[in-house]
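Note that subunit A is present in both complexes that follow, paired respectively with subunit B and with subunit C.
For the complex of A and B:
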């Protein structure tokens, strides 16, 4: 009967109850979004780094991958040295460069990656064949669209421009052999991938036997941190970063972001708590006489508290359920806006729904709803019955 | 041989700060009695009723009901005692507005953990007894004042109490509906219920078999009335 009485009491002021539920739902949605925001970037970044199975990134000493235009010289020698380190199963060299696709009214600029197509983790081929020939490339959809080109077309590509001679340097005619999605780039980025040797040759002496970074795979039974340390010992001119280290670095850089999300999440939790407390207190104060009579006819103090706490749980649970739906929709909308930022990898999510974290947060909200009901109900159930009835009769 | 009184009040005092609401009242009430407590406003009669009903504790003295010293019971035991031994009727009815008449009557039985089918049947019987069988599914707002008070009486009888206590039960009713309640109380007492009624209503007091007069927290006269035919 307590559940029935609690439900009927909530229905007694239907519009007030509905508004309170909406308030809790908004608070829950904000809490959920903050939890999704606090973990979303970290988790999607970790997922991005781990996607192709490379566990170590090696870049020029003191830099992060593609953090600067610095390059690792004597790349062949470095690659061979890394293969000699125990547990390293694959070494994928990557050279980054800006290219210009000529033959249009204005040259179209794109980002080029020189890779070893047999061991690469930068793109996923969607159509066509790998760029195994020295004159082959795969291109992003954004570039193909800008060029109005398709698989089989030949592009006039240069890697540099000499302002004094006003001529493009490192020109080569390359055939589009495939379409690809570049994992670390955004969907709108114009990009190509071609053989490392071809890009190095196009770059002349400046890029001869140079790479921007290496990506390494390690055997499953090998701790990447051990391999990473061995690489730095063997090659003092590089910085090696394990995936775990990269995630930790990203986490460090995102710490302000997470703190903000934590504070806003805590604020929404407090708002939800205060909202339920207010509604329950108002509802209890309106029913002081009823509660005193219930106590007078023999309803125990604990049962009075239970009934009112059930009302608080009802408000919180309904609000949390509404907040779950509202929070997911809001997160999707905000995610679509934030992912529109230029240069962000396509795979990065700002808001990531993780059931465990979400239900823990909403559970916390429901617990706060229970706590919100306990004090006003216990206070009301503990009022002296006779004087309460007398005051109610006078009032 | 004399029978043990059902209610026994010995030298009971109740003080609120500087106010002495009840001052040294002693009273004995036997099973089946119908007692009216009358007196001017503020004379302590409602306080006395609250002490008898174990919803208040005397500052001094003892209150015993059916052999239990209720004045010294801890809150939990006093609550259970009220549930199983006392029926309360209030001036303002105090029905739960979101429950129907039947559910209001069922409430004390639910608290006493009586099975739903049993309490539904008992509520139906009680509402029939007070003449409201047809109004069982109406909420208090859909009932007249007299009907609400009859539902409150049915609720008070739900757990077959030892004694029925009523505080100004006709105070919010017009003369006609008040007469219905008086007649109902009379029938209840004839059926064996021990009743103590605090009232200003002369008609209600006149229906009792014994009248206790209070003044300034004291019993100043305690007289049996002649039974009517």
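For the complex of A and C:
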């Protein structure tokens, strides 16, 4: 009966109800998108960092990995010191450098990673073999396409140019032994990975026994924060960052998006609440006489309140359901825009649908719809019956 | 030998409690044997550069030869910036460098700006998309409110019609009222916008410690939002008023 009356009341002003539902749906979509934005970056970044099982990153003091061109000197000594720290199970040294592939009209530039192929977390080999020989490398699809090269081809590679002698420096012939996907780079980045020793040797004295960062694995029963602190104590010239610390740093850098999400999400919630409140209040005001009649024939105050609150719930629920669909579509569109950031790793998603967070947000909107109906319905149900009936009859 | 000087950025000076005239020891790496004692000659404020806004690193300006020495970099530089007489002089300089200096590549500042501003183009596209969604949401809200507002006038409209006032006059008066409400709401919204923008700027300027302005309200923005709300107000008013004017007056009274 209550549901029927509520439905009839909503259908009486079909265009108004439809518009209110649309308004709530847009608000719900916006709220959902902002929840997806606020949680998506954190989750996908955490998943990216945790993918290869490395829990600590070590970079030159005061810098973040690959944030500057600074390097860690005496790398072998530092690596040995890190292996001595309790709980550290693997240390992967990484050296980053720019290389030029010669033999084309203009040299093709790529990003090179010097790694230990046995302990590395920078790339995933898709085809071929690991670069275990000093003259071997694995390359990204983007670079292979730019070079029109294949596995087995030999590349003429240099790391620098001496303008006085007019010759390339650190020049070597390297064989492509595999095709790889670089986890922290975008699909369009031209990149190679080769043995650390080979890249260091190509860089001459400037890169001798130097690395850009170390990535460390710790034992499952060891708190990475404890190991991180121990590394900084043992090696004062480095900054060690746990995965949690890296996520916090990334969140700080991307805090603009998180705060934007929070502000717009809150505005959406308020707009949704105001819309339902306005509709229900106007609807109740129009039916003051009707409500007084219901009360006069013995319908309880609680029954009247329930009927009006059901209207609010109906509006919010339908709007939230529409908002769920609309929100997922708009999130995909907005995500495709933000995926255009240059150099963004493939695994990073800005909008991530997480059922728990999404349904909590939409639940909040429905609760606000319920709250929106309570006051006007209680006020209408509490009006003195006789005087209201008289006023309504006289007009 | 005269003492070398450096300039440090304002954030570093604040965080490290440094002042002009203080002497500091600088090195390329912690614990490095190549160190230099220098005097702080200036404290500079970073430019309002969006590219650096999320980077919290400190900046120190040193003399070129001093940095080369500290880094053991030899007689090398990363890049040159060149000032040319505009127009053909720039073209000929580019041609000469790119053909004569084997291994170098000269770019126009504009080309570099296009390359480095890609991030902001993405952010700008994102803002536009969010702006469109916000406009749709606020337009729906406004339309809803205006329809309700006009609907509330059903008894007044009925009285006007019974008094013999023409439908056209009724529609016009309701439209006038709704446009006045929309205009008043827009004025309040513009004021709220200015306050919000000031709060947003104050917040993000303190978070990122930058003079950069994050929210700017331009006359175009104000004009666009006022026009939009006015159009929606008039549209909603016209829609509801025509419906009311077509309904028989007694029906509007509920008889």
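By our rule, the second predicted complex is superposed on the first by the 394 of 395 C-alpha atoms of A that agree within 3 Å, B and C clash if a C-alpha of one lies under 4 Å from a C-alpha of the other, contacts with A are read in each partner's own complex, and residues count from 1 in each chain.
Quick note on the criterion: a residue touches a chain if its C-beta (ideal position, glycine included) is under 8 Å from a C-beta of that chain, and two chains touch if they have at least 3 such contacts.
Keep in mind that what you see is a predicted model, and the values were worked out from it rather than measured.
Q: Record, for the superposition on subunit A, whether partners subunit B and subunit C clash or fit.
A: Partners fit side by side after overlay.
Q: May I ask you to name which of subunit B and subunit C touches more residues of subunit A?
A: Result: the larger residue contact count on subunit A belongs to C.
Q: Give one of first, second, both or neither to describe whether A:22 is in contact with subunit B, with subunit C, with both, or with none.
A: The answer is second: A:22 touches subunit C but not subunit B.
Q: In the combined three-chain superposition, what is the angle centred on subunit A between subunit B and subunit C, taking C-alpha centres, to the nearest 10 degrees?
A: The C-alpha centres give an angle of about 80 degrees at subunit A.
Q: Please indicate which partner A:133 is in contact with in the superposed arrangement: first for subunit B, second for subunit C, both, or neither.
A: neither
Q: Tell me the contact category for A:278 with respect to subunit B and subunit C: first, second, both or neither.
A: second
Q: Classify the contacts of A:330 with the two partner chains as first (subunit B alone), second (subunit C alone), both, or neither.
A: Only subunit C is touched by A:330; subunit B is not.
Q: In the superposed arrangement, which partner chain does A:61 touch: subunit B (first), subunit C (second), both, or neither?
A: The answer is second: A:61 touches subunit C but not subunit B.
Q: Looking at A:234, would you say it contacts subunit B, subunit C, both, or neither? Reply first, second, both or neither.
A: neither
Q: Please indicate which partner A:390 is in contact with in the superposed arrangement: first for subunit B, second for subunit C, both, or neither.
A: first
Q: Minimum Cα separation, subunit B versus subunit C, post-superposition (Å)?
A: 8
Q: Any idea which subunit A residues touch subunit B in the complex?
A: Going through subunit A, the ones touching subunit B are 1, 4-5, 8-9, 11-12, 289-290, 293-301, 303, 384-386, 389-390, 392-393.
Q: Which positions of subunit A touch subunit C when the two form their complex?
A: Its residues touching subunit C are 15-16, 19-20, 22-23, 26-27, 29-30, 33, 60-63, 67-68, 70, 73, 161, 163, 166, 168, 236-237, 252-256, 259-260, 264, 268, 271, 274-275, 278-279, 282, 330, 333-334, 337-338, 340-342, 395.
Q: For the complex, give me every residue of subunit B touching subunit A.
A: Residues in contact with subunit A: 46-47, 50, 53, 55-56, 75-76, 79-84, 86, 88, 90-92, 94, 96-99, 103, 106-108, 110-112, 155-156, 159.
Q: Okay, in this complex, where on subunit C does subunit A touch?
A: 28-31, 54-57, 101-104, 118-119, 121-122, 125-126, 129-130, 133-134, 136-138, 140-141, 143-145, 147-148, 151-152, 155, 203-204, 207, 214, 253
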